[in-house]
Structure formats: structure tokens, C-alpha cells
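Chain IDs A, B and C follow the sequence of writing; residue 1 opens each chain.
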Amino acid sequence: MLLINIFVFIGIIAAAVSGSLVGMKKRLDWFGVICLAVATALGGGIIRDVMIGHLPPVAFIKPIYFFVSVGTALITCIFYERITKLQNVIMLSDAVGLGVFTAVGANAAVMNHVHEPFLVVSMGLITGIGGGILRDIFAKDIPYVFRKEVYAIASILGAVSFLLTYNSVSHIFALYICLFITFVVRVVSFYYNVHFPVLKSDSAIGEEVKHS
Amino acid sequence: MLLINIFVFIGIIAAAVSGSLVGMKKRLDWFGVICLAVATALGGGIIRDVMIGHLPPVAFIKPIYFFVSVGTALITCIFYERITKLQNVIMLSDAVGLGVFTAVGANAAVMNHVHEPFLVVSMGLITGIGGGILRDIFAKDIPYVFRKEVYAIASILGAVSFLLTYNSVSHIFALYICLFITFVVRVVSFYYNVHFPVLKSDSAIGEEVKHS
Amino acid sequence: MLLINIFVFIGIIAAAVSGSLVGMKKRLDWFGVICLAVATALGGGIIRDVMIGHLPPVAFIKPIYFFVSVGTALITCIFYERITKLQNVIMLSDAVGLGVFTAVGANAAVMNHVHEPFLVVSMGLITGIGGGILRDIFAKDIPYVFRKEVYAIASILGAVSFLLTYNSVSHIFALYICLFITFVVRVVSFYYNVHFPVLKSDSAIGEEVKHS
């Protein structure tokens, strides 16, 4: 489990950086930045653990994830300029994070419950994108993953690949397959700029938006 | 239980339509619309199941509700113009949904726990309005039910009627009484435009709003 | 336990007042004001109970807290002008509330689980500030505690003092130590206007905020 743990920490750090950057854009001070970093890094896992009834959530039992998030937030505050220049590193770490969170989430469902396929995929997805949703709610944004469907689609494809393989191959190998699929879908869609069209809003919708 | 299930599906569809319409007003693309539809349709039940410790929530065990919500969202996207013209159908389905969600929620409390009256009514109310609250948080609105108290009042009256009757009559009959009371209160208040006065804001409050 | 219960009610009332005032600033009507008051007063305890798996949460089993919150909201609506003049009373009650919620939260963790220090402090903090976070999410604000770090710091210091003492002294005495420490930190920082600097936003961040 050593290697997968390294990926988990990459994911935690990438999520904490993403939360910190949103916090700095919203002009929060260092404490607010830490709050957003922690929410982004730990939120998905906490929501998943609540859903599968694994209480208290792992995030409260293993404080290391919390302290890594706090440290990442402080480093991001200090080296803000340099970090924002590392666009590619951020994106790749983010994709690793999405993949490993999905894998760990789907696995947690299998470990705790009957192997209901829908539940396994849901828990992978919730762990993958839950932190980002929490970050955006706290930051008063409509969740970013609602606008960039590739996150959810990459996570769902990863979770499905875990579901299809974990009975035939070793658990750990299924985790890597999930991580790999999610990562590839996310990165390819980024570099080829894949995205799905926004539904054309007709004038009626536009009107309502104006008046609401 | 056949008939009550039909009402549940009417409620799921009405909630998904309501979530989809909010999503389209916010100019989300098809994926964001699906997210809001699912959150509105399943959110209340999920929050209730978390509260009563019935984990994982029913919504993850019975994927049919999820898929009906997704289907409803897609249909709403495609037939947006026609659906918005069905104001009365939407309102009536919405009232059925509020009633059946309240009934199912109050019943879930009774099935899982001691028959603490406050808990039963709370769970009816949370199931009835929780999805709408989640929808509005995701859509960056102050929850609509905070502004239109008739939803909560209809739901509370329905849940209380369930509470008063489920020991004297059969469970299923108490469910219908709850559905009927909630539905009637909601519909009557709609057609007679019943609403409670907003507290007059004095100038001091107005000032604070401006500066906040 | 008599005295600590009096402090709990002071805390509930202070939280309900704070929720009500936010609701009135947002021009919600009496029903929305009640919703925000209840969310602020009960939210922290409910989130904590979900996290430690103590379901259904105490707030649903002991309706007295709910009814006190509702009553407080109505009184705040009626005597708005007079209440807003009691700045010092509000602040001191708020500090009592933060202290007692932290104490009760840390104690709930100890009562329900292994005595994992991180979990105990987290549960104190979540109970202390969770209601305020919920209030601000419902009111469409970035959580106030993200901007005023003194709340979290006071609560964490209180919870740590509970953690350090509850094995050496009686439980009830440790609760009072926690309440006292939290209260003093909060009040002193208020009167001496202690706050931590917002990270200077450079022009790049400012730009992004403008365009987002």
C-alpha cells in the first residue's frame, strides 16, 4: 500500500492547493485560506464516510491528512506567485488526486458494504468531487464540477473500471487501474480541450436571469 | 404500496424538474442541470437517512430514483419551452411531491426509531424541503423555502396529521392522510395566494444591507 | 450539571439571536429568520453528532433547544431595535456560547469514542463554529469564521484545555475550564481588537476577482 499512499498525499496536496488558490482569489486571510484548503482536501472523504456510515470519518482519526492540508495552505500563501506559474504541475497533481480519491472512495464502499454497483461508483464519485463542491459552497460559487463535467465523467469511468476489475484482479491492482483511467481521461480532455456544449439559453431564460 | 410508489415517482419527477429549471435559469450546461435535478430529487431523503442513521441512504441502494432524476433533467433540457408552459401541472406535481416526501420521511422515522413526536415531524419536514434547500445552496440562492413559508407549514401540518393517525389507522392510510393534508394546504395557499408578511425593514436594516 | 445547562441555554439564545440578526439584514421574513436562528443554534451540534455517529442527533431528541431557538427568533424580530443596542450583552453571550458549545462538543466526543486527541479538539471546534458556518451558507455569505479567525482559535484553545484536564480533574470541572479559556480568549481579543492580517493581495489576484 506504500505507493498508493504516496498518490493519496499528492491528491491531498493538490486539493489543498486548489482550495488555497480559491481562498486567495476571494481575498480571505491566511486562516480562511487554511479553512478552504482543509475543506477541499478532506471534504470528499468525510462526506463519503458519512454516507457509508463509517463514523467518525477517517479524516478525524488520521490527523496527518489535516496537517498536510494546513501546511500546504501556508506554503501556498507564501509562494503564491511561484505556485500559480506551475499550471501543468497543478493540473497533473489534480488529475492524480481525482484518480486516487475515486479509487480510495470506491474501495471504501467495497470494504464497508455489500457490493451494490451503484453505491460503489457513487462513493468513488463523491470522494473524487465532494471536496471541490464543499470548497465552492464555502467560497460562495456554484460548484465548479457542475460546469466542468469532465471531472465527474473521469471519476465515474474510473470507478466503473474499479468495479469491473476488483473481483478478477487483486484489490490493489484495481485501485491502480481506476487511478490510471481517471487520470488519463482528465488529462486528455484537458490538453484536447474537450468540453460539452452549454445548452443555448433562449431569450426567455435570459430574461429570467436578468430579473432574478 | 403500489399507489404510494406512483406518488413517490411523481414527487421525484417534480423535484427533478424544479432543480432542472433552476439550473437552466443559472445557465448551467446539461451536466450542471442534471446535478441540480439529482440534488433536488434525492437530497431530502439523503439528509433524512443521515439524521436517522439509516446508512447508506436509500437513494444509494435504489438507483432507480437517481436514473429517473437524470432522465427527467434531460427531458426538461430538451422540452424546456413546453414544460415551462405547464405551470399548473408543475405546481400540482410539486404539491404531490411535498406531500409524499413528507409522508415517506415521517414514516421512515417511525420505522427506524422510537416514536418521539418531534423527530417524526422533523424527518417529514426535512425529507419534504431538504432537496429544495440543497438545490438553492448549490445554485447560490438563499433557500426558497426560507422565503415561502407555506412549504414548511404544509409539510409540518402533514407530518403532524401522520403522527396523530398512524397508531389508530393502518400505516398506509396515515401516509395518504399526510399526503392529502400537505397537498391541500399547498394548493389552497397557491390559488388564494396566502403568504405571510415580510417584516418591515426599518432604515437601519436597509443601511446595513447596503454596506454589507 | 445544572449550571452548565444554564450556560448551554445562554449559548443557544446567543446563537439564535446571531442567526436572527443575519436573517433580518438579508430581509428575510419571520419564517426565514426562524430558519436561520434554528440553523445557527442547532447546526454545530447536529454536524458533530453526525460526525461521531450519535444518530439521531441530540437536537432532534431534545426539542427544547429547537423551541428556545424559535422563541428567541420571534423575540428578536419584535424587539429588533432594542436588541441591536445591546452590543456588549450580545458579544458576551456569544462568547459564552462559543465556550459552552466547544466544551459540550469535546465532551460528546470523549463520551462516545476513543480519546483520540485530534477528534476531541475537532468535535469541540465543529460544535463551536458549525452553526455559524451553516448560518452563513444559508444566508449566501462566505462563513464569517473564515474571516475572523479568533472564533476558531478561541475554540481550539478551549478544547485543548479540556483535553489536557479531563483526565486529571472531574469532567464537569474540565468543562468549566474549557468554557472559561474560550470565553477569555474571545472577549480579550474583542476588546483589544486582536486580529490577524489579511494577506496582501497583489494586483494579479485583484484582477482575477474582478473577472470571476
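To be clear about the criterion, a residue touches a chain if its C-beta (ideal position, glycine included) is under 8 Å from a C-beta of that chain, and two chains touch if they have at least 3 such contacts.
Because the structure is predicted, anything quoted here is derived from the model rather than measured.
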Edges wherever two chains touch, nodes for the chains themselves; is that graph a line, a ring, a star, complete, or other here? complete
Would you kindly state whether over half or under half of the residue numbers at the chain A/chain C interface are used by both copies, giving same or different? different
Averaging over Cα atoms per chain, report the distance between chain A and chain C in Å. 28
Each of the following residues of chain A touches two or more other chains, namely 50, 53, 137, 140
Chain B partner contacts - residues on chain C that touch it in the complex: 23-33, 35-36, 46, 50, 53, 55-57, 60-61, 63, 66, 77, 80-81, 84, 137-140
Listed in rising order, chain B residues that touch chain C in their complex are 50-53, 113, 116, 118-119, 122-123, 133, 137, 140-143, 145-147, 149, 152, 196-199, 201-202, 204-205, 208-209, 212
